[in-house]
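Before anything else, here is the set of structures, which you'll find just below.
Next, two complexes with chain A in common: one pairs it with chain B, the other with chain C.
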Partner chain A sequence: MQTDMDDKNILDAATEGEYKYGFVTDIDTHVIPKGLDEDVIRYISSIKGEPEWLLDFRLKAYRHWLTMKMPDWAHLDIPPIDFNAISYYAAPKKKEGLKSMDDVDPELRKTFDKLGISLEEQMRLSGVAVDAVMDSVSVKTTYKERLAELGVIFCSISEAVRDYPDLVKKYLGTVVPYTDNFYAALNSAVFSDGSFVYIPKGVRCPMELSTYFRINAADTGQFERTLIVADDDAYVSYLEGCTAPMRDENQLHAAIVEIVVEDRAMVKYSTVQNWYPGDKDGKGGIYNFVTKRGLCRGDFSKLSWTQVETGSAITWKYPSCVLAGDNSVGEFYSVALTNNYQQADTGTKMIHIGKNSRSTIVSKGISAGHSQNSYRGLVRVAKQAANCRNYTQCDSLLLSDTSGAHTFPYIDVRNDSSVVEHEATTSKINEDQIFYCNQRGIPTEDAIGLIVNGYAKEVLTKLPMEFAVEAQKLLQVSLEGSIG
Partner chain B sequence: MTAMLEIKDLHAQIEGKEILKGIDLTVNEGEVHAIMGPNGSGKSTLASVLAGNPAFAVTGGSVTFNGKDLLAMSPEDRSHEGLFLSFQYPVEIPGVSMVNFMRAAVNEKRKYYHQEPLSASEFLKLMREKRAIVELDNKLASRSVNEGFSGGEKKRNEIFQMAMLQPKLSILDETDSGLDIDALRTVAGGVNKLKTDKNATIVITHYQRLLDYIKPDFVHVLYKGRIVKTGGPELALVLEDKGYDWIKQEFEDSKG
Partner chain C sequence: MSSIKQYIDLYNEFGPRINTASHEVLNAMRPAALASLNECRMPSKGDENYEISDLDAIYSPDYGVNIDRLDVAVDTEEPFRCDVPNLSTILFYASNDIYHDNQLASSQLPKGVVVASMRSAEVDEVVKRYYGKVAPIDNPQVALNTLLAQDGMLVYVPAGTVVEKPIQLVNLSRAASPMMTNRRMLIVVEDMAQVKMLVCDHTQSGDVDLLNTQVIEVVVGKGATFDFYDLEEASAGTHRVSSMWVRQAADSNVLINGITLMNGTTRNDYHIEIDGERAETQLLGMAIASGSQHVDNHTYIGHNVGYCRSNELFKYVLDDDAVGAFAGKILVAPGSPRTEAYQSNRNICASGNAKMFTKPQLEIYTDDVKCGHGATVGQLDQDAMFYMQTRGISCREARTLLMQAFMSDIIDGVRLDALKDRLRHLVEKRFAGTLAQCRSCTVAQVCHTKIKKK
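Moving on, here comes the complex of A and B:
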């Protein structure tokens, strides 16, 4: 990113400019010209060697996208985006690997250290060649072998299209159709890559599936697409992202995550999102416009979303559950922290269609600096969905006088046997609490970290253990400098 | 021997209103000082100002603590240097377990003295030892800081923290308020167990009752932001008997 960019050219600068963390990217060789038309989509599809049906899917999505407008209902101030100023395909970039950690930006290293990220992980994240680290290779291989024995499929979606076309065709777009929304249509037209997970009937996946362990996980690009299917009686816990700061030269990210949960199956999806939020004056940063939805299709199926959102300049994200099966269960646990000039409009949708379906929403917003943080949630109970239960708890914590916390709950219940509860609180961080910590020897910044982590505890405990520890540190690091 | 704490002509205000109007007080190692006085005389303000509560502004005077300028230090450094305040109203910190809270506090202090942080097992052992001093049961220690604690439990928890941090100077701000007689005995017993000839205590109280359990060497009466009378333990008994009116009268007469 260049230093002399003006507001209007942020996107240009971000997409064209040099990556300021010193990675030399091989820009000219495999990037197609900017702009989007049907030829570009055909080119993407052919380069990936995709079957006709998938090209057809992309083209339909593109044609539909052309008829749509950017949504403007969110409590977000989004600068105009020129979709023809984006290049929609770049071959997996060969980053000129840095030779050692000594070449990595010291600021970045400092953050890594604060988060307690292992050296190997640090090297991987900052683009230092990790081939020399034999451990990582062998761990990945063992991991793959164990999964294969159980019949679990965990690969990139491009590989899945090639190797398991029937499965992909059966499920792709069934939860998030390309007509769903503007960004979903765009993603469906141009998605680059992402993950595919299939857990066969009756299999309990013995380890957490993490993008970190997926071979070729790097460079999934700005239009990531993930599809997870848990067949009858299956169980999987999936981890997306990592707590390390993710820097990406693509400013616009429009991902789709689709999850299908069959009879008595359970999927737990955890995210820690820490993309570059822009600098302290609000310059730069990622726009994260994501569509995440799960379909609890089976009776007694369960889907649980847990997210810790600290990154991105603008977040537009509502991981949702369609509770179609009788006795199905949906959960949404969220911590969204915004600082400086970040904006987040995030929440969930719980759509009760099956009888006796239950849902729980716990949302914890934290606003610091000049940021704006909104919770937006829909709870809908269909007429035929008798005896449903929803409990929503929605808390906001303000750390500054200049930040905003907003709550937009939508409740739509169409029968009289269901019970929907909504609780909301807004509080300001308490100076007495900070002074109490200070008196015990805990400096203000750490005190705020403690208090914020205490406030978010209910959600953090839902994360897998290791992730939870990192997420705690992340909340603290993300707030550094927020209190003057 | 230099004094542990030397307060000279200390003035402080909150929101433009002067509360402390020239406090002089010297506390030496091994001493227990009681500060008494009617409501609104500035007792809690003095405690807050010594601990560095930013809500108060110091407008004059000096405070030396073990030879160092106390007023120049941040609240956390005052704590590291050995100043402890047992709060009149301990705050609740939801979601933060006592274990994590105390571990942060203890390790911050160790960091200040360039010591390695305690390992989890060393720390838990220390917690167990110190908990016994105020009979704080394990359940409380694993709960969130002061959350849902009864009045007595909160005060016991303050003394427990004092035991953990081993301060040189402890200021007990109305530690007896809201305690029944059994809780008062437990809390006072805890304070006495922690007493050595190297540390010192300032007991701020409205009533003589607490001083039956924590024996002061000196009793000071604070009135309208100044220490207007100083005596031995017998002064507390006189106050218990006669109330504060005669002190007020003396003060007004002397101004007269």
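Moving on, here comes the complex of A and C:
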């Protein structure tokens, strides 16, 4: 007969996974000296050959950032960060005149192969267009030509600034202004690259667009910026993945994602976040302080966020929807798994401004080891937003008696025709369910895997196929050997 | 400039006069309170838990303080008129923050039980032992109350004593010009003792702005049972900043029910620490607000040990321009196995201008728990409204019926049948809109009719 102790050991074993993306690529990288001042910003801007207006935007953001303080309201214990000990720009050195995949540094290609993103393979077989960003710089975008035929623009934001300046200028900073928060201001000042997507009116993007982010160089921060615009009646599904090497020092990742959704358009944004989470004793790992926001500007527009968060030492991230258009729809599906000494404070904001706007929030937290996992969400219904509907469900599963699960929902309703519902539960893995599985001949370890998998299923099914597989694998890594 | 300064100045100028009319234990705490106030500022918008109720603004007006303890003429008949029919209580009253001893009432108390003003000599020992020990002096609300409170009410129930009849305290507020009162209560329920309390707030001075600050400290011993009903039926000009601090020992059972029917701006903090295993806590509350009423309830239940249960339910109905806020936190400390904690907040916005802010929170640091919370903001069920109209019930009546039904969970939680009846009446009247215009008449009529029927 199994004792409590055995159960505990199995749980411990099940929740101790190894991070398999922790390698470092030995690649020639251009890293600028540490520290941040206006000259650094000017330098970044000049390397990238940016127009004057963008430099102005960066400088304004930087000056504003200087007046701001690091936010301390989250349920996180963030050690002080020395922003002058970070290098704000690192890029794999490029050979001039990259013409084909063969010109890409073989080390770089190997890196992406290791990550499971064989750019060419991917291009040929999976039908997913990939933009790979290493240390803040976009290294390769696949499928560009085919997309261009439809008028879809999918390129690095640096290229977009060069080739489509009016488009970028029109939308950059409109959803997340540089004044938004501390990290958004920092990002606006120093962002080095990211992806730009524009889907013209009436176009349904025929393939998933995907960006892989990789931090490689030491002592650098990664500050990428993604801008997605879906014009009237457009549709796009966008995937984002990220990994980083194992290092004892913490590295900062402060990104911005802005999405604009026009009339009847739909954007589906999926993330599998797997930055290095630090070791078993909480040493190292990425600080993931990200601002993601979509503006459903058009009537009948829809934005759907799906995220699987398993990485990062500290996560501070609230993908949000501003539902400004009438009948617009916002969705947020999240699985956040924290283990060892990871901390996560994540959730969403649904700002209902348009009439009849609807939102759904499903958040599943899983806490193991000594980790702290918080859901923080805001549902605000403005006075003019008649007949709005929100449903929020956030559940937490605790896998160890030293972990923590917290829920901080904020609900502001300012009219009499909207209905807002929130429910949350917190519990440990149901012993009855494990017992039932045992009865059916399923060992405890597999049972835990089954239960966790089933628990997260509601969210995992929202992911596009390719990512769903990866997300399941990730949960496997994080709860090693337990998912059958 | 923080609103605290004017009170510090007041104390610095009139400290000796404040002390003269007060108990030495209350006076002994003042330096610590002053030191704490000098260190802090009154929380305001921008502070996490005060986004909706800006305490700094509430304390800012230039209120008079009755430091010389001049007796205020209040209609002492009123509490008797409002007496709960069929509910026989042991009745005490306080006019503003002056607590009146009542020999007749005291004589009905079981032996050893003390209900008295903190000025009286017989309460010395208990007050010395517990005063200021439960409410934290570093909290600005508590510090300010401690700095200025000159009187308080002590309820002491010795070990093993059961007080069958509920103890009722009626707080009457009356002032000709804007005034601040600083009420204080200390309730000590020793091991295995049982007591039920009903506290009612009434205002007799129309629309004059009044600020009632209140700090209630409660110590509940092992196996003790404590019921506390807090009913606010004041006026639109009466503002209240109340905080209740409870410490619960093992096997104890606490029920707190906070009801706001009429007020100006109210901020209630309920802070419950469960320190002993197998303790049970029920925290209920309701608010019916219209006009420009503002009701903000903040609750905290700390499960510091295992094997305890808590259940929390707050319901609001908001009409006109009313603002409702609820923030509840349940904290389960590490090493508190088998904790069950539930929290729920349900609200109805009945007008386009009403606003509701809710923030139900869970902080859980151990795995062997069953915790849940839920919050809703919505309207009356349209299907039910339609159904009732098909049965010949008018729209207006159907609405009132549904709202009453909505509040019935809270009223059902009351463990005193007679009080349940009275609350049903009050809620009914409140929804009919009569309570607001002519509260004392309506209440009196209800009472008298019932008595006549008898």
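Please note the rule applied: the second predicted complex is superposed on the first by the 364 of 484 C-alpha atoms of A that agree within 3 Å, B and C clash if a C-alpha of one lies under 4 Å from a C-alpha of the other, contacts with A are read in each partner's own complex, and residues count from 1 in each chain.
In the analysis below, a residue touches a chain if its C-beta (ideal position, glycine included) is under 8 Å from a C-beta of that chain, and two chains touch if they have at least 3 such contacts.
No experiment lies behind these values; they were computed from the predicted model shown.
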| item | value |
| --- | --- |
| First (chain B), second (chain C), both or neither touched by A:327 | neither |
| Partner chain(s) touched by A:453 [first = chain B, second = chain C, both, neither] | first |
| Which of chain B and chain C A:425 touches, first, second, both or neither | second |
| Partner chain in contact with A:440 - chain B first, chain C second, else both or neither | first |
| Comparison of chain B and chain C by chain A residues contacted | C |
| Which of chain B and chain C A:406 touches, first, second, both or neither | second |
| Which of chain B and chain C A:187 touches, first, second, both or neither | neither |
| Touching partner for A:73 - first (chain B), second (chain C), both, neither | second |
| Chain B and chain C contact sites that coincide on chain A, given as residue numbers | none |
| Touch list for chain A against partner chain C, complex | 73, 75, 381, 383, 396, 398-428 |
| Chain A-touching residues of chain C, taken from the complex the two chains share | 48, 334-335, 337, 347, 349-379 |
| Residue ranges of chain B touching chain A (in the complex, touch as defined) | 51-55, 74-76, 78-80, 84-85, 87, 90-91, 93-96, 100-102, 104-105, 108-109, 112, 144, 161, 165 |
| Of all residues in chain A, those that touch chain B in their complex | 430-433, 435-443, 446, 450-451, 453-458 |
